[in-house]
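Got some structures for you, see below.
In the two assemblies presented below, chain A is common to both, partnered first by chain B and then by chain C.
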Partner chain A sequence: MPFTKESVEEIASLHEEPDWLRKRRREAFDVYERLDLPSKIDEEWRRVDFKGLKLDGFRSFEEPDGAAPGLPIEGAAGVLRQRGSAPGKVELDPELAAKGVVFLPLSQGAREHRDLVEKRLFSEVRADRDKFAAVHAALFSGGTLLYVPDFVEIEEPLVGQYWSSGGGAAVLPHTLIVAGKGAKFNYLDEFLSPSLDEPALTSGSAEIFLGEGAQVGYVALQKWGRHAYQFANQRVHVGKEATARLFNVTLGSRFAKVRVEANLQGPGGMAELKGIYFASEDQFFDFHTLQDHQVGQTTSDLLFKGALRGTSRTVYAGLIRIEKDSARSDAYQANRNLLLSKQAKAYSIPMLEIINNDVRCTHGATVGPIDAEHLFYLESRGIPKSVAQRMIVQGFFGEVADRIPFEQARRLVAEELEARLG
Partner chain B sequence: MAVAPKISVGDDYREKYGFYDPEKFIFKAKKGLTEDVVREISWMKSEPEWMTKFRLRSLEIFRKKSMPNWGADLSHIDFENIFYFLRASEKQGKTWDEVPADVKRTFDRLGIPEAERKFLAGVSAQYESEVVYHSLHKELSDKGVIFLDTDSGLREHPELFKEYFGTVIPPADNKFSALNSAVWSGGSFIYVPKGVRVDIPLQAYFRINAENMGQFERTLIICDEGSFVHYIEGCTAPMYTTDSLHSAVVEIIVKKGARCRYTTIQNWSTNVYNLVTKRAVAYADATMEWVDGNLGSQVTMKYPSVYMMEPGAKGDVLSVAFAGKGQHQDAGAKMVHVAPNTTSTITSKSISKAGGRTTYRGLVKVYPQAENCKSFVKCDALLLDGESRSDTYPYNEVEAENVTLGHEATVSKVSDEQLFYLMSRGIPLAEAETMIVNGFIEPFTKELPLEYAVELNRLIQLEMEGSVG
Partner chain C sequence: MADLEIRDLRVSVEGREILKGVSLDVSKGEVHAVMGPNGSGKSTLSQTLLGHPGYKVEGGRVRFKGQDILELTPDARSRLGLFLALQYPIVVPGITMNNFLRTALNAHRGYDGKDKSKSVSPKEFRTLVEPYLETLRIDRTFLSRYINEGFSGGEKKRAEILQMAVLQPEVAVLDETDSGLDIDSIKYVSEAINKMRGPELGVLMITHYTRILQFIKPDYVHVMVAGQVVESGGAEVADRLEREGYAQWGEEVA
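Entry: the complex of A and B
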């Protein structure tokens, strides 16, 4: 069944959504119908090739297959597992629940905590951004609501795990995180599916709101199967004195178009945007990042590092924007690409728009193969070439992987990279 | 290609009867752009038929092409309200009194001689440099160097001209190159023979005539194998003009082992839209260097480019932009690596002040067959106050193997520590700030001939006055 008004109603019913949310889905669907696919004339989409993608060829949701929920996770304070488009199952440390932490499937959250959800949902990741954002908002297949009240600190991470088991459908999870004043915690989103022949439409969007002085680490680990087309928007709203650490790891899917954005709205706010991507075979990844300094005395620091193999292609385009009144802001942006094959191609476009002089901004980008001298140095010490190459790539990612905000995610990412280098 | 209907009486008339009456057909300055205007420009210059056709074809392309949907705001250009061709005599209609006071003041402060001032202000079309030019001319022609205005180039060296003209920048390249191709006039035509090194910089300044610094100038430079030439366009002193659109095309061919340096110092008055297409092709082991300074104009869009066509070619762009009140300098560079083992560097320095906006917009493109290329881009921007703006848009498209590409940019203000250091040594704030700005653009000034460097420093000093406090 292609995307229709009926499918919007159907998915809303599946999740027993309240009327206001149903209405919001309908509005987003109108936007979806109104908007054209992005054109190549648009700079952002100029290098994006989604030929072969038929948006109306997907089923609008994935029937739960009844299999056991996903992989075990060690040492988590709370876990939400969702398979396909069925509402997720939550386990949460009862102590946290007692402290007022809300960790629910998004639709249940919308029913029970309208005050938290209604004004925030799709306010940062707007449905009218493009056709893909609109279809996500119209047909999102569930997701998470996490609310951590003021001054609550959570030691262990919370984990959302999304599993898509079949091709041919749209699986579009949405994460909504609200951090109260001074709240401190870490969150991991994992997106998983087997590789099938049939294409799938996936997302993995997140809206994260940080109250005054909050400190939040968010890691998105994307391992969709190689049949997936991913369109995701991850955006953080950083309040006064708050610190957000966003870490995007993109490994799966055939095609990924991801925006990672920091909206700095409070003085003293700080956003760290880090990313790792490892593309091989014919994968295509496109990252657009934004460091939007809407007020002064804000800091942002971005580092995206990628390695490319096979005939893969990646695009990185980042913008630092410093508004007129955003004095005493610091912004850094760097993108490094390591080409491990001769056919891989990396485009890197780091951009600045600065309208205030009392700032410090630097950005840098590099694209290149493994430095022959580094290789020579290691080989001259008797290390075989393949091992030396592996060491160099590990070292390359090490710089950024060390900045993953918490141990569990660090280990998980290290294992993934290890497996890909093997 | 549409063949333009032959309705021009002029061409025919001349061919048939061998004479014409200039009084009768003299071009009366008319606003707007029509086929007749283009045909008349060509006829006025007694151009060969291929050029007339080229112009007409370009006009058609100009009409079809849309305005760029990126870059500076060009919505205020009214193509119908522009004189596309003026004879020298008509240009001289202005008087010294019409020249704005601030332009005159700048001439004073820079210590520019009287005759030169009048030329720069557009009051006089002739600047008394004929003597200098003639002695230079002899020295050059002894070596076989051709250095003419482009119209004379077409007349005197038709074959050479036709071989290269429009090959680097075809009319269809962009809307403004099409416009220039349709109505071009003036500019320089330079040919440097094999192995000849031209030791002194060739300056358009020397070769002054009415069409020297026209609105739609067209420059063509050919450096034959192993030769060297340094060409300087423009000058540090402000160029006052009432024309609101300046749209030049510069084509350069640098053959095997040759080196060409092209220095521009653009200081148009701040009513001018300066939309220029500059491109060079560099062959094996050739070096092309653009040294590009943008100080004046209301809006500048200019991205000098180098196409490295054969192994060993090298491209180099060093640019400085200064944007004051109401100005937008949208400048940068394009490096296109077509062949393997080619290298390029771009160094861009920009200064924004009093609400001015500078934009670096650049492209490094490496084609699939161009292995082992290296490219490095560095952009530094200085914002002198809180109202000004700086943007950086570096596009990198690498499609080849084993390419090393780097990009770095910084944006900052004049650092308090530097100011403090200088002021603690008794240097007043304004002077200290000027020194820092001059130091910031030093990599650029040190590449200029001495007299230009001195003038540029003085000009920065002028621009900086009143910028503090």
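Entry: the complex of A and C
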């Protein structure tokens, strides 16, 4: 059951989208039809194992079948819940609405705030990047628009929860976040579905724009079911003196191909990119990260940590790019992998592309099992091996999880990891 | 019968025999010093006693409280009442000292996450730790830091003794706890060990230098050279070593 032009029209109608957005979906669908699947000759896709992915095997969207299950997040300033491809439901603190904060299902945002959405949507996460980005732009199943006006600060996080019933359809949420000058807030995207036999196609892409001096924390927590194929692009545009803290947590899906990218466009801009992944059984995760220093005096700090069990495989490839005129930039990149079984395999490929010499750049990668000395130290204090191993893995993640920008997400991630370590 | 009985212990590391038949008896209430030059096998002895996987026992036996322990895992040996203060304490990222100590203590109490009555209460934990934080001059904030991370050499060694105080072993093996320590740290460490010393604790103190013996008076001194105990006696053995070094056993003066 291949994706069709008709399904593009159908989902646009379901969301009552304005003509300009409908047109954009059609254009993206043309790109999708034109592009081939990425080739293994392409370095980025060389190690990607599609494991029997059949793009024409999915329904184009998941028919509305009731309200999204509410998952409690304590003390959120706003929550958007979306089930499958049905438009989401929003709750927002009225005080924030009065301050001009816009928090809407993306299609409604496109209708009511064309000025905010039209020029930004799919400008950072472009439809023509590859066939999967194209199908995401053509058939995105809704998502979120969050706009926080200049100098508005929000104490509690805003939350997007996407739920899919998990069988056979494409569920492709998109998050668009626009932070005005000096705006300050945190956002959590949570992606969930049950593990069924039927494969699903999922995403969870985000475009985040930070105005001058804005400070934004963004956490994506991916818990798609074990039969999902995920293709996602999370990209932040960092303006002058702005600070972005992106945190990607990948736990679910059978297959995940995720790009996390910072586009540093203003002097004094800073991007912190952190990631945690925990792969088990036959999961395959591939992360490509980009720290793109387009202007000088910009800072980026990246740390991705992963643990692998079973026969899982992961790929991490990160590029630091420093443009010719980007003097006095500072970039750090590290990827650490902990192998918890002999059959698991992690590849780590750090890359630098530096055209200006007046910069500071550090990168490093490690892949290895639990340090035998660490284990002996804990065991020699009476701690049984299985408990010691769990503590060491928790500690390994804890070092980076402690950097999750806000408490609610920190707690949620800690609980997820604990449950998976069992 | 001694609480810890080492008989004709032979151990190899990467195919090379390091211990060539070591026998020692350590009972509760006694402090033994094992002295020897570098490479004599002192650390091999201590690591083997706790079951470090890098050391292969080729022969002999070790009994602790009447039980053959060479087949036991390191954690079981610890819970039985054996302790090792490492010569080079390592950093373990992401695990706080607090979590480490409490988990270890809970394991000793048989708490496996189920029966809460077996777990150590915060109050009891404080009662155990606080006096030794003071004796060892360890700042309380160390407990919320990751294991040994950012600790100076002396602080790491003092933290080992803090762990010993919390776990209250019956026999403690101190592997060159004094090496690399400034004189203040040696005093704090000695003070803490002397405080624990008594009829319920046996100590096997492995050292290269006689300096620490001025602070912790041993009941017995053994000299180990080339993987064997070549002499055993009272404190006078250390005095002679202080004057003459290891030369009499064909070793360079340390």
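Keep this in mind: the second predicted complex is superposed on the first by the 418 of 422 C-alpha atoms of A that agree within 3 Å, B and C clash if a C-alpha of one lies under 4 Å from a C-alpha of the other, contacts with A are read in each partner's own complex, and residues count from 1 in each chain.
In this text, a residue touches a chain if its C-beta (ideal position, glycine included) is under 8 Å from a C-beta of that chain, and two chains touch if they have at least 3 such contacts.
None of the values given here were measured: they were computed from a predicted structure.
Engineer: On the superposed three-chain arrangement, identify whether chain B or chain C touches more chain A residues.
Structural biologist: B
Engineer: Name the contact category of A:343: first (chain B only), second (chain C only), both, or neither.
Structural biologist: first
Engineer: Now for A:89: first (chain B), second (chain C), both, or neither, which partner does it touch?
Structural biologist: So A:89 meets neither chain B nor chain C here.
Engineer: Which of the two partners, first being chain B and second being chain C, lies in contact with A:385: first, second, both, or neither?
Structural biologist: The second partner, chain C, only.
Engineer: Just to be sure I read the superposition right, which of the two partners does A:40 touch: chain B = first, chain C = second, or both, or neither?
Structural biologist: neither
Engineer: Kindly classify A:374 by the partners it touches after superposition: chain B alone (first), chain C alone (second), both, or neither?
Structural biologist: Only chain C; A:374 stays clear of chain B.
Engineer: Give one of first, second, both or neither to describe whether A:398 is in contact with chain B, with chain C, with both, or with none.
Structural biologist: Once the two structures are laid over each other on A, A:398 reaches chain C alone.
Engineer: Where on chain A do the contacts from chain B and from chain C line up?
Structural biologist: Overlap of chain B and chain C footprints on chain A: empty.
Engineer: Over in the complex, which chain B residues touch chain A? Could you list them?
Structural biologist: Going through chain B, the ones touching chain A are 69-70, 352, 381, 383-399, 401-413.
Engineer: Touching residues of chain A toward chain B in the complex: what are they?
Structural biologist: The touching residues are 41, 43, 324, 327, 339, 342-343, 345-369.
Engineer: For chain C, which residues are in contact with chain A within the complex?
Structural biologist: Counting only chain C, the residues touching chain A are 50-54, 73-75, 77-79, 84, 86, 89-90, 92-95, 99-100, 103-104, 107-108, 146-147, 163, 167.
Engineer: With touch defined as at the start, can you tell me which chain A residues reach chain C in the complex?
Structural biologist: 372-374, 376-385, 387-388, 391-392, 394-399
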